[in-house]
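Have a look at these structures, which come just after this line.
In the two complexes below, chain A is the common chain; its partner is chain B in one and chain C in the other.
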Partner chain A sequence: MSASHSYGSRPWTFYALALLFTLFVIFLYGPMIAVLILSFQGPSASLVFPLRDPSLMWFDELFNPRRVGDVSGAFGRSLPLALIVMVLTVLISVTAGFAFRRRFKGATAIFYMAIASLIVPGLVLSIGILVTFRYLGLSANWYTSGLGAHLSWALPFGLLIMFAILGRLSPSYEEAAYDLGASKWRTVKDVVVPIVFPGMIAVALFGFTLSYDEFPRSWLTVGTKNTLPLEIWTMTTNVTSPALYALGTVTTVVSFIVIAIALGSIVIIQRKRSRGK
Partner chain B sequence: MNKAAMNNPASAASAAQESGEIRLVNVAKQFGNSYAVRDINLTIPHGSYCCLLGPSGCGKTTILRMIAGHETPTSGEVWIGDQMVVGKPPVERGTAMMFQSYALFPHLSILDNVAFYLKMRNVGKEERRSQAEEMLRRVQLHHLKDRMPAQLSGGQQQRVALARSLITNPKVLLLDEPLSALDEFLRLRMRGELKSLQDELGITFVHVTHTQPEAIALADMVVVMDTGRIDQADTANMIFDRPKTPYVARFMGGQNVLTGKVVRAGNEPMRLKSASGVIIETVPASFNMGDNVSVSIRRDRIGFARKSQASTEAINELSGTIIATEYQGSYVKVTVDVGDGEPFVANVSDDIYFRDPADVGDAVTMSWKPENVHILNKVDTGEAGASFLDDSH
Partner chain C sequence: MSPTPTRKSLLTTYLQVAPLTLVLICFFVVPVALVVVVSFFRYQMLVGIVPDFTIRNYVDLLTNPTTWSLYISTLKFTLIVLVITFVLGFWIAYFLVFHVRNLLVAIGLFLLCTVPFWTSNIIRMISWRPVLGKEGLINNALINTGIIDSPLQWLLYSDFSVVVAYVHLFTLFMIVPIFNSMSRIDKSLLEAAIDAGATRWGVVWNVVLPLCKTGIALGALFVVTLVMGDFFVVSVMSGGLSGSATSGIFNDLQFLNYPRAAASAVILLIVVLMIATAIFRLVDVRKELAR
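Moving on to the complex of A and B:
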């Protein structure tokens, strides 16, 4: 095809992009692997390489909060918060996605208002929520102000994903269901939701991870008790043991498990569809 | 309906109830400020195979969707049998629609797709499965009942879509460009299957297409549509052989359209003279001297010869230069530039053509018989169809 008539050689851009990708992978996984390895540090309690006398003592210390902060307590708040955010994000994004399918008056304005919270700095939002709660005489708590702050972050993503998914959903499925005598409710239950279910899992995954990881919007809104990212941040300032790495490893593993569950269920659904039952 | 049952014998009443006659009365559909269709009056007899034919955007799908109940007319009435169906859901209309992309539910097996209607009517699992299996046997896909739609070929998907529609036991089956997603071979086969299925079921089929041969091959009644209105609704033979308007003649593709002024009228054969001086003789007709008249002449009714020194006042004769030839197997399509406006096309049968094959650039003379000149009801304006849809009302 090309003028050089050579089939094998690759353009220089291939190597440039390959290098870029390699650097990306190193920056993404390098620190993660380093933290993973150092979390098995022995009693020397050194925070740097090399790894001496590998042990599990820092994991033990993690769940035994004498010297470290309240990790399990923080986890006990972050997990339910992330799950609530996940469920609400799915419910609201899906129903809003359906509403936006029929172009109603003011749809564009409402859409941009919802999306705008993506560009508001998280710390500013956090301060604003705290001030408002104080003014109203309410106390900040992870399940009130914290939940609201997290939703302001997760919902726009959920909405955008649902728009992309519902935009590709041909209206002829719903019409076919109507043609075959399905009521509105049964059309949603028996046709639309099963078809867009993989997309709903993607929304759920985003809702969960965005909340579970969130720092700036949690900062002033979760009240006196920290969520996990805040707890980790606090620990980096006053804990100087490899327990910090152990914590990093545990939270990363939790994140990976969540992702694996989500992706696994998408794969299972799609396999079921392409192979038959 | 109760009244009918009291006044008539029971059998007549139930026949009326089952009738799949479709009547559209002054139907119009407006989207925003423009009309998709307007002034639609059409009766499709019970048990007929009707094709709505027209270019894309002519409103044929809008009409189908209004019959189906997926679109509500802005004004006018839609009748199916003795029911005014505007505002009623498809199931109450006794219609079933087969969608262009088939719209098989991707998450359900073939069997569950076909059984969907019964499931919506809360028929028990065993019962609906056995009925759906029976329907799948009829379309010869029973062996694939546990597959998912994505695993089926286009032709198989179409048959599943058919089965899924037919299980509702409709009076009217509505098909939205059912063959457009198939390759040529499968299209011809499914075309035949649709026709024999309609014969077998005896219900009304309304089939939307933009392909002329498809409409002609299938339909008892062809409805040719221009932008938003019906130009002609007739048998396939009449549409092809006796088009009413220049638009239909051109759209069906087998005709040449000529226009001239009447120079001889009365009881003798009528004569027209075109702007470029061609004299066209037809059968006697009731036009006055000086009237503008358009006629159509079938491409396969045209005599064809190399140009000789023609007499200056030749009748039903036209000379020009060949600009294209296209071999079609049993005939050769010869396109001739005759100097003004659109080229003239003659479909010359292969045995005549190959006796002395003329090529691009050769001068030829074409001629035809007066009885093959068909007078159109409308004078050709040169446009595909007068556009009236965007005027404000």
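Moving on to the complex of A and C:
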């Protein structure tokens, strides 16, 4: 049986599943790589392979608002929005995660409310928030209604991650620290935070990317000025040049930088900790 | 769970959970409630939304054959995508948990699967164009190798490309929860099953699968709700040829007919909630998560 750490030759299922896995990874990344390459298309402006006279002209075009939409403006809204959502998601879902470690009245109701908020179709929520703001006489804006719409989707994710993380933090660790004479603050600093910290980075990563890439929940809630995914959506219908691919490359690079920072810092923390032992 | 919470610690607990509750009430409960209220309002040309209590919007929608055909088409997509993502997700998670012997390699490969989740969905949809298009990579390869003479038309802007995009976008939502439940399975259980004479297939069917049901349920919940509530993938990938359950909402909103859009939204919500309840009936997700 391959399932265990018993050694010996691998069964045929290993090779079959390894092949499946490889094909899946190609399926996942292949199209992204195609777009990456084609964003360097030359002046032929062809949207398909082959790549002729590679150039950076479409990246240049991208930040030239006369030709394409308001890409830099959209980027200038999406980035701060994602950062705000990230910070709030970490603060709110981490504290809420701790609350759920105790039994309290309404815990189940709040839990199911969060799950419902996660699975309610984004479009339904978008309409709801728009209507709410209309009745309150407020205008929809990316930093008000847009922010709330993104939080309603990022917070439940953060909460689920905190559940997974805090499941590993047995209360007996804290009790042991108290019994050994640690103050409350010391327990949090030396016992709780080190266990929870990598999870908090994961929550931050989710908060940022869920907001940065969110489309259905942004659609009616960000007001008259588009965030980046909405701008890309408009471009898919009216821009028929590799500038669209160039934009894809730029946003993907931003996402990859964020992912690299998050994963890199988790690795560094883990390494520091194992060295400290 | 700590034993008997004192009054002071109970207050702390409520303070800790208050911000979450507040955000969810303001940006989820109230908006959804308002959608339900507005769905009973009346829409009048040039005037707009008129407060009322009428079920006309619902009658309109439910007697319209288009609504039914759109829902049937969406349910068909949901079912196809659910089956494909489940099979892929289960076996990929199985490969990572039980076949990859080195934990670091397993984590690395797992991350490889999850990285695209953190990138833009729209860009990932668009990226199929140069692959599936008439002059795309697949058609060119097939023509160059002489398998076909003229490009396959059904690769892009078809039901096929819609399914491809859904699988591309949503398989992650299956892999992650299934991987999570699978990695908690005690490996000695499998050895015990083998020692007791189980076949390899028997172990998968009788041990691994039942122990992963929480993960499968969560994954199915995500996939069902994402596909049911989708408008954008269908419209980009089908080139506007196919509709989805949300198409009606989209059309009504363009004519500012909020009441009927709201009624459509409520119907969609009820269908999604029914499916979600069915899934929750099968598995107590909360209990399993807290495990």
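We adopt the following convention: the second predicted complex is superposed on the first by the 245 of 277 C-alpha atoms of A that agree within 3 Å, B and C clash if a C-alpha of one lies under 4 Å from a C-alpha of the other, contacts with A are read in each partner's own complex, and residues count from 1 in each chain.
As a convention for this text, a residue touches a chain if its C-beta (ideal position, glycine included) is under 8 Å from a C-beta of that chain, and two chains touch if they have at least 3 such contacts.
Everything quoted here is computed from the prediction, not taken from an experiment.
Novice: Touching A:L151, do we find chain B (first), chain C (second), both, or neither?
Specialist: The second partner, chain C, only.
Novice: Just to be sure I read the superposition right, which of the two partners does A:L17 touch: chain B = first, chain C = second, or both, or neither?
Specialist: Second partner only.
Novice: With the two structures laid over each other on chain A, which partner does A:A116 touch: chain B (first), chain C (second), both, or neither?
Specialist: The answer is second: A:A116 touches chain C but not chain B.
Novice: Which partner reaches more residues of chain A, chain B or chain C?
Specialist: The partner with more contacted residues on chain A is C.
Novice: Applying the document's definition of touch, where does A:I266 land relative to chain B and chain C: first, second, both, or neither?
Specialist: neither
Novice: Between chain B (first) and chain C (second), which does A:V191 come into contact with in this model arrangement: first, second, both, or neither?
Specialist: first
Novice: Between chain B (first) and chain C (second), which, if any, makes contact with A:L79: first, second, both or neither?
Specialist: The answer is neither, since A:L79 touches no partner chain.
Novice: What is the contact status of A:V239 with respect to chain B (first) and chain C (second): first, second, both, or neither?
Specialist: A:V239 contacts neither chain B nor chain C.
Novice: For A:A182, is the partner it touches chain B (first), chain C (second), both, or none of the two (neither)?
Specialist: first
Novice: Which parts of chain A are in contact with chain B and also with chain C?
Specialist: none
Novice: In the complex formed with chain C, which residues of chain A make contact?
Specialist: Per the stated touch rule, the residues are 1-6, 10-11, 13-14, 17-18, 20-21, 24-25, 27-32, 34-35, 38, 47-49, 91-93, 95-96, 98-104, 107-108, 110-111, 113-117, 119-125, 127-129, 131-132, 135, 148-149, 151-152, 155, 159-160, 163-164, 167, 171, 205, 209, 212-213, 215-216, 220, 228-229, 232-233, 236, 244-245, 247-248, 251-252, 255-256, 258-259, 263.
Novice: Quick one: in the complex, what on chain B touches chain A?
Specialist: 68-70, 89-91, 95-97, 99-101, 103, 105-109, 116-117, 119-121, 146-148, 150-151, 164-165, 168
Novice: For the complex, give me every residue of chain C touching chain A.
Specialist: Residues 1-2, 5, 9-10, 13-14, 16-17, 19-21, 23-24, 26-35, 38, 88, 91-92, 94-96, 98-99, 101, 109, 111-113, 115-124, 126-131, 133, 135-137, 140, 168, 171, 180, 187-188, 190-191, 194, 200, 203, 221-222, 225, 228-232, 236, 246, 249-250, 253, 258, 261-262, 265, 268-269, 272-273, 276, 285-286, 289-291.
Novice: What residues of chain A sit close enough to touch chain B in their complex?
Specialist: 170, 172-173, 175-183, 186, 190-191, 194-195, 197, 273-277
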